[in-house]
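Next, two complexes with chain A in common: one pairs it with chain B, the other with chain C.
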Partner chain A sequence: MNYSFDFQSVTRNFGPLLDGLVVTLQLTAAANLIGLTLGFVVALMVMSRWGVVRWPATMFVEFFRCTPALVQIVWFFYCVPMLFNVFLGSVTMGIVALGLNLTAFNAEAYRASIQAVPREQLDAGIALGLNPLQRILYIVLPNAFRASVPVLLTNGIGIFQQSALVAIVAVQDLMYQGKTLATQTYRPIETFTIVALIYFAVSFPVGQLVGYLERRRATLAE
Partner chain B sequence: MIDRATAPLVSVSGLQKAYGALQVLQGIDLTMKPGERLVVIGPSGGGKSTLLRVMMGLENINGGSITFAGKPYIHAGATPAKTAIDVQVRRSIGMVFQHYTLFPHLNVLQNLILAPCKVRGEKKSAATERANTLLIRFGLGQKATAFPSQLSGGQKQRVAIARALMLDPKLMLFDEVTSALDPELVGEVEQVILQLARQNMPMMIVTHDMWFAKNIASRVLFCAGGFIVEDGPPEQVLGAPKEERTKDFIDRVFHIRQ
Partner chain C sequence: MAPLDFSVLLRFQDALLTGLLTTLELTLICIVLGCAIGFFVGLARTSDNRILRGVSGFYVEFFRGTPVLIQLFWIFFCLPLLLGTELSNFTSAVIALTLYMGAITSETFRASLRSIGREQYDACVALGLPRWTQTTSVVLPQAVLRAIPTLLSNCISLFKESALVSAVGMTDLMFIGSNISNNTARPVEVLTAVALIYFVIAFPLTRAVTFIEQRILTKLAV
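On to the complex of A and B.
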């Protein structure tokens, strides 16, 4: 291959890439805010004893887990305005799509960790005279939340990466800025390499943190 | 008037418990006087742990009733789900389990004061003071701020016992509390229970440790097939059992007849 690399053409235009990174981080933060809170509510609904509450929540989770995120984003962008006559900015649309996707995955993480609280912990709570609400507040939830942190972080950083998909509906995130820059400079190799490195630079430390938390948890387990 | 010294602390009558089609307790009758220390022995699946779990109010029952200190405590309903359990009475009973006893997200002191503060509304400072006294008594004075993961199995069980005692129980239930421990840690836990025995704490103990059973019991029950097969002083049940089934069991676990 006879190609002379020119990374300077990209580094000279670093401003737009940074702007894109800021948008990507905003999308990630907003989607995580939705996913962490709504995910918990949906998890409780999925575990409800009443079918009317359980079924819609289960359908919601399965729908988002069993369809590609790209399709979800495109569907939201094109279908929501037409079906419901709701017109939102593309950034808002991206946040909603990514947030609901994360909600489904986080609901599963919460549910699994709530159900993984050992039965004996609840028995101990009864033996100590705690009422059902106190057992949930002081035993189940703190136990479950700790257990779910690594998965929630993994899902959260997964959304950071998935957010690149919103570039397809013209959200000016890191990926979108990269595409634009590649077209302007005719330097796709250099541009996308640097874009990938930026995604990596954010994701990698979080991945390491998850690994550390899981190792620590393994030693904490009885 | 009821004579307080001889009136039963616990009185179980016709207690039946099934898990689905599996009948685990087949009509247990039992009275326990204050100050008695009942050790329940018997083969796995014989119903001894279930008996303790029912006593703690952790299980619905299929038939029978239990009174505690003269008050109705548990009463079977038309279906197991309708078992009536008096939660006020339940609070005067404490229990220590085999596994996962402590709350892993709380340190030792927080484990001890959670129930006194939340259930009884005790002031945090008062509960903390009582907790520290108990911890020192059990040789855990240095461990108040340690988390369960930083304790040995024996220390965890001693903390669990202290936690149960924080609620001033009138009866303590111990369900195989040393079965999951390394052999060298068994002694320290049994010492704590013996210490309680010397203070006349009424207790029911399920154990496979015959040495411990012999040392602590004022009365031994041999449970098998959902029945109490033999009931008597330790010298009799462990030393010279009358029932054939008890003899077989004792021979197998004791190796040498005492």
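On to the complex of A and C.
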């Protein structure tokens, strides 16, 4: 191998990469906001007694879980403007697509932990005369949220990685800026390595945190 | 907007089918190679050798901590430069997705290896079983059986992630779908059909995961 590395051509152009990282983080934060809130609502809908509520929610979850995120993103960018005549900014569109994807995955995480809330606690809620909304807010939600934190974090960091896909539809995120820089400088190795390291530097600590939380839960449960 | 006309798909069914076959071929090759790598990396991560543990840990964390898209780009653009040879896009797609699959399945194998209770190892010692019998008759069957549902989920993830190879110009289902959609200017019909094709394959597999978890594994009491 006789390739002379030149990392300076990348470090000199760090500005665009940082701009890209900011966009990526914005996408991630906004998508997580949607996923964390809407995901809980969808989880409750999936578990609803009434078919009218349950079926659409289940179809939504299954559809987003069983198709590639790339297809979802491309679909949103091309089809939503045509079908509904709405024209949103590309970042907004990316947020909506990623947010709905995350909603489906988080709904599953919430559902699993809601079902794990012990029956007796709900009975106790009824015995105390709490109405259904109060039971959800004060018994189900805190329990389910705490139990699902590791999975929610894993999903959240998953969407941080999936957000790189919006580069394909020309949203100027970290991946897109990296691609541009690699072409401009003719330095794909250095550029893509640094971009990968930036992604890694954000994901890795969160992954470690998830591991820590899971271990702590396991020891607390014993 | 123009009325939807799904008959446009009939003209392109052969092309879509070819794309689907490429997607499936790629997925299957990477499943086989990835699971093999994953099993050995899973063993390496639980080994007593610190170097083996360190190297395998780094590999897994890095591939799980960066977007698949950048892994693919790195291998597609950078590996040929480093090696000084040409790589076809099929080869680079296989390398990238295999390494990704290896990383995620190794975690599955590791978790299932760890799920075998301490008391079983103690029982083996008490029964005076040799180390080899312990591994082949006690540890391995349970580890593999327990890993099956998660491995199947990994396969579904890989099938979905394989849509990314369209970004490096491999003519898979996604690539052919977006080409047709651009040429016919009918993104709604074509992209929806592509999404449905992915769904029709992935959805039954997710049901199979639940079925295996609930029925087969409880019946075998592992």
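The rule we apply is simple: the second predicted complex is superposed on the first by the 202 of 222 C-alpha atoms of A that agree within 3 Å, B and C clash if a C-alpha of one lies under 4 Å from a C-alpha of the other, contacts with A are read in each partner's own complex, and residues count from 1 in each chain.
Following the convention adopted for this analysis, a contact is a pair of C-beta atoms (placed from the backbone, for glycine too) under 8 Å apart; a residue touches a chain by one contact, two chains touch by 3 or more.
Owing to the predicted nature of the structure, the values given are computational and were not obtained by experimental measurement.
Colleague: In the overlaid three-chain picture, which partner chain does A:25 touch, first (chain B) or second (chain C), both, or neither?
Modeller: After superposing on A, A:25 lies clear of both chain B and chain C.
Colleague: Between chain B (first) and chain C (second), which, if any, makes contact with A:88: first, second, both or neither?
Modeller: Touch partners of A:88: none, neither chain B nor chain C.
Colleague: In the superposed arrangement, does A:68 touch chain B (first), chain C (second), both or neither?
Modeller: second
Colleague: Please tell me which partner, chain B or chain C, touches more residues of chain A.
Modeller: When the residues of chain A touched by each partner are counted, C comes out ahead.
Colleague: Is A:53 contacted by the first partner chain B, the second partner chain C, both or neither?
Modeller: neither
Colleague: Where does A:189 make contact in the superposed view: on chain B (first), on chain C (second), on both, or on neither?
Modeller: Touch status of A:189: second partner only.
Colleague: Name the residues of chain A shared by its contacts with chain B and its contacts with chain C.
Modeller: On chain A, no residue contacts both chain B in one structure and chain C in the other.
Colleague: Mind pulling up the chain C residues that touch chain A in the complex?
Modeller: Touching chain A from chain C are residues 1, 61-62, 64-71, 73-74, 77-78, 81-84, 156, 160-164, 166-167, 174, 177-178, 181, 187-188, 191-192, 194-195, 198-199, 202-203, 206.
Colleague: Could you list, by residue number, the parts of chain A that touch chain C in their complex?
Modeller: 1-3, 62-63, 65-72, 74-75, 78-79, 82-83, 85, 161-165, 167-168, 175, 178-179, 182, 188-189, 192-193, 195-196, 199-200, 203-204, 207
Colleague: How about chain B: which of its residues touch chain A in the complex?
Modeller: Touch residues, chain B against chain A: 53, 56-58, 87, 90-91, 93-95, 97-106, 114-115, 118-120, 147-149, 156, 160, 163-164, 167.
Colleague: Considering only the defined contacts, which chain A positions touch chain B in the complex?
Modeller: Checking each residue of chain A against chain B gives 118, 120-121, 123-124, 126-131, 134, 138-139, 142-143, 146, 219-222.
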